[in-house]
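One chain, chain A, appears in both complexes that follow, with chain B as partner in the first and chain C in the second.
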Partner chain A sequence: MAPLLELNHVTKRFGQVVVARDVSFTIEDGAAVGIVGPNGAGKTTLFGVMSGDLRADSGQVRLAGRDVTRLDAAERTRLGIGRTYQVPRPFSGMTVFENLLVAAQQGGERRGAASHSLAASALERARLSERANLRAGQLGLLDRKRLELARALATRPRVLLLDEVAGGLTEPEVREVVGIVRETLAEGVAVVWIEHVVRALLASVERLMCLADGAVIGDGEPREVLSSAAVREVYLGSEAAFEAAS
Partner chain B sequence: MTWLNAIVQGILTGGFYALFAVGLSILFGVMGVINLAHGDLAVIAAYVALAMIPVTHLPAVLAFVVVVPMFAVGGYILQRTLLQASLDRDPFTTLLVTFGLSVVIENVLLEVFTSNTQSLNIGSLLFDTLNLTPQIPVSYFSLVMLAVAVGVLGALQLFLSRTGTGRMIRAVADDREAAQLVGANYRHIFGIAAAIALATVSIAGIAYGILSGFTPTAGTANLLFAFEAVVIGGIGSLWGTLVGGIVLGIAQEIGAQINPAYQVLAGHLVFLAVLALRPRGLFGLRAAT
Partner chain C sequence: MTALAPPKVPDLAPAPAPEVRRSSYPSAWLAGGSLGAVVLLALMPEIISQGGLVVLLNFFILLTMATMWNLLAGYAGMVSIGQQAFVGLGGYSVVVLAVNGLNPLASIPLAAVIPALVALPISYLVFRLRGGYFAIATWVVADTAELVISSVTALGGGTGHPVPGLGSLSPRTFGDVTYWLSLGVAVLALAVTYGLLRSRLGLVLAAVRDDEVGARSAGARVMQARRIVFVVAALGCGAAGALLAVSQLQVQPGSIFSVQWAAEMIFVTMIGGMGTIEGPILGTVLFFVLQQNLASQGAWYLVILGSVAVVVAIWAPKGIWGFVSSRLKFQLFPVGYLLGGRGSTGRRR
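What follows is the complex of A and B.
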């Protein structure tokens, strides 16, 4: 069977700068994969190429064997690629529940009643039930992050791309986000998670990739990746990786 | 009593301005398009109705039934072709494109219909009045148009807040990229918004054709009034547009009461005052925090 998500020799440039160079990897159904790497390594760009926000200059993106390289973000969402932004982008004039309803109707389930229950379960999963009728613009950071996650969940993804959902949160808040991600994984949804908070990743993923300068320089069992020479060199001086690895 | 009459007439005119302005407000709110051809599109609706009557033998009042759906379809097509193509480049291009469209429309209308003043004749319906008091005659037609304006705005409000498509329009207006990420085809949504905008402006255009004589270049002046109604009411607020239209209408009628030459000027002055004192309009949303 074809892997769920597959990148074949993807290259992406912004002008003269190569932000992804000949990147290839596969994500299996239900997998939990973390991505680390210094700022500017090309992590978010890679998400853009996977979700359809960005078009690869060359190479191929496949979802469950189907070539989706030329599809736009909306079409890919409907096929099962969900994504969150690093800085949450809720529809701020709408209520929390309306945000989820839009996602459920467009990405997940067109029928009225079914989309309502899809939105409601995403609401509950992200522990936002008490905020359902607040305008999204009024939410604090944690709730915005929860909403960002819930909105992606409401599109009923087969693979969920998380871009630093734990960034900027306190320790207990991070634990809560980890809990939500684990529940999502338990339902069989594959998760690819970019995160600087390495503790959060180690608590959730079984595979870790390290990106540097647009290329994958480490891929495998998380602790082994973090302790490998190449990754240590990239992270030299960065406490996070060493702390986590030791 | 003449002052009270001015206010009543102003409210009636305001309904008409709101009908004119709501499409402009939608196009700007959803797509960020400032449609400089808005007034000309309304004038086209009047001419289409005019040209249709001798062919179909329908009474002018029924022109709405044919022209409004026609404009809705036309709006969708216009958005998916010309406007979207320019939006894909940049917003400034879109402004120029609508300006160009305005020039082209006026010249084509001049070519086809000449510069003679035309009007849509609905017979005595236009002159029948309800006399609240002998000094305050209320035209049934204006009253119906005010009711239509309120009805259209109410229906739009419901549509935007209660239906899936309406929510989608709001989502796309809020953040187009994020909307795509939840699976929305924003081009289609833009098309629907443009269909609504053109349907509403065609109602206003036909009403205008009935209420007053029109020429191919009448659109420009009406565009200005529509702009003023939107800005006074506050961009992004449907009911604000109605209030904006009414404020503008009352200002003009009161100005005319003082001196007929002041009619338009009074409206502009109120517009200027609102811009200076409440730049976001009376009901405008505060900047997102």
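What follows is the complex of A and C.
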């Protein structure tokens, strides 16, 4: 059977700068994969290429064997690739519930009552029930991150791409996000998670990839990857990775 | 990997359907109020003079156009200054259908569909451009349509063409029927707009207005949504143009394709309140009140119109309705969703 998500020799340039060079990897159904790497390593760019926000200059993206390289973000969402953004992108003028309803109706379950249930489930999963009828523009950072996650969940993804959902949160808040991610994993949804908060990753993923300068320089069991020589070199000076790994 | 033992969680999909309401007050009020207003307006031929009916007819034509422009620009973010293309095509469609033996009054629905059909291929051209470039492109389309139509000698070229087949009605009946048709078209335009905004499409448009990248990522087909709106707006403007042709008994390319129509739609929508259903209604009322009372003042009339636009743009950028409703926290046409039993504080603008 074809892997859930597959990147084949993907290259992406911004002008002269190569931000992804000949990247290939696969994500299996239900897998929990973390991605680390220094700023500018090309992590978010890779997400863009997977989600359809960016078009790869060369190479191929496949979802469950189907070539989705030429499909735009909306079509890929409908096929099961959900994503969150590093800086949340709420629909500020709409209520929290309406934010989720758009995602449920467009990316998930189109019918009236079923879309309402789907949106309400995502609301509860992300612990946002109390905020359902608040305008998204009024939410604080934690709630924006929750909403970002919930909106991706409401599209009923097969693979969920999380871009630093724990960034900027306090310790208890990070634990809560980890809880939401693990509940999602338990449902069989594959998760690919870019995160600088390595503790959060180690509590959630079984595979870790390290990106540097647009290339995968480490891929495997999280603690092994973090302690490998190549990864140590790019992370030299970043204590978080070592502390967590040791 | 024991740390990753999956916690017991309920599945995301099957949950009982939650209670979802569409407004914080009974919609029976809205339905009753609107119906009352429409019935009153429908009785106008019994109440006011034929001259008054003509003013109201033109009011409804402009209201229809403004409602369509508001849908385009206020809700779908497409600032068009070329809607007169579809007004003109609607008017000329009436002529072509009437020449071929159709009753002009009965042909209005078909005459409105023709511009909508033309709008579909045009959307593929103009949608390649955004913002100001899109606006200019629509104007170019309108001018091109005018040039093409005025070069067709069978349609009277630059001097225009009368609408045949209207001689059999008495002036009184003709006046009443065209008035009712214009009322019907305006009500339909408002109802269709309201229906669209309450539908899934309306939610998509609201999302795109807030964050287009986020909307695409939520699965929204943004181009498709815009295309539907563009075609619906052409349909509405086409109906308005068909009514213009019928009520004026003739079409003339220089006037029915005039950019003046775009200017008026934009003016009334901006002063009334863009992006609200109520705005174009209020704006059109204000425009007609000013026009009826000041048109005889010549240049001063235009000075006053311009001043109104400046004052509103500076002190009430969301238009008069936006100014009023943000203070009263009230809207006549609610389009939002409220999830039941969760402390309803949200209210959608």
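As a working rule, the second predicted complex is superposed on the first by the 246 of 246 C-alpha atoms of A that agree within 3 Å, B and C clash if a C-alpha of one lies under 4 Å from a C-alpha of the other, contacts with A are read in each partner's own complex, and residues count from 1 in each chain.
Methods note: contacts are C-beta pairs under 8 Å (C-beta built on N, C-alpha and C of every residue); 3 or more make two chains touch, one makes a residue touch a chain.
Please read these numbers as outputs of a predicted model, since none were measured by experiment.
Student: Would chain B and chain C fit next to each other on chain A once aligned, or clash?
Tutor: After superposition on chain A, chain B vs chain C: clash.
Student: Counting only touches as set out at the top, which of chain B and chain C does A:S24 meet: first, second, both, neither?
Tutor: The answer is neither, since A:S24 touches no partner chain.
Student: If we overlay the two complexes on their shared chain A, which of chain B and chain C does A:E187 touch? Say first, second, both or neither.
Tutor: In the superposition, A:E187 touches chain C alone.
Student: Counting residues of chain A in contact, which comes out ahead: chain B or chain C?
Tutor: C
Student: Look at A:E206 in the shared chain and tell me whether it touches chain B only, chain C only, both, or neither; answer first, second, both or neither.
Tutor: Only chain C; A:E206 stays clear of chain B.
Student: Between chain B (first) and chain C (second), which does A:A74 come into contact with in this model arrangement: first, second, both, or neither?
Tutor: After superposing on A, A:A74 lies in contact with both chain B and chain C.
Student: After the superposition on A, what does A:T170 contact: first (chain B), second (chain C), both or neither?
Tutor: So A:T170 meets neither chain B nor chain C here.
Student: In the superposed arrangement, does A:G93 touch chain B (first), chain C (second), both or neither?
Tutor: Touch partners of A:G93: chain B and chain C.
Student: Touching A:N133, do we find chain B (first), chain C (second), both, or neither?
Tutor: So A:N133 only meets chain C here.
Student: Using the superposition described at the top, list the residues of chain A that contact chain B and also contact chain C.
Tutor: 51-53, 72-74, 77-78, 83, 85, 89-94, 98-99, 101-103, 105-108, 110, 151-152, 154-155
Student: Using the touch definition from the top, list the residues of chain A that touch chain B in their complex.
Tutor: 51-53, 72-74, 77-78, 83, 85, 89-94, 98-99, 101-103, 105-108, 110, 112, 115, 137, 151-152, 154-155
Student: Spell out the residues on chain B that touch chain A in their complex, using ranges where they run on.
Tutor: Interface residues on chain B, with respect to chain A: 164, 167-168, 170-171, 174-175, 177-186, 285, 288-289.
Student: Applying the document's contact rule, which stretches of chain A touch chain C when the two form their complex?
Tutor: So the residues of chain A touching chain C come out as 32, 51-53, 72-75, 77-78, 83, 85, 89-99, 101-103, 105-110, 113-114, 116-118, 120-125, 129-130, 132-135, 151-156, 179, 182-183, 185-187, 203-204, 206.
Student: What does chain C use to touch chain A in their complex?
Tutor: That would be residues 1, 3-4, 6-9, 11-18, 20, 200, 203-204, 206-207, 209-211, 213-222, 336-339, 342-346, 348-349 of chain C.
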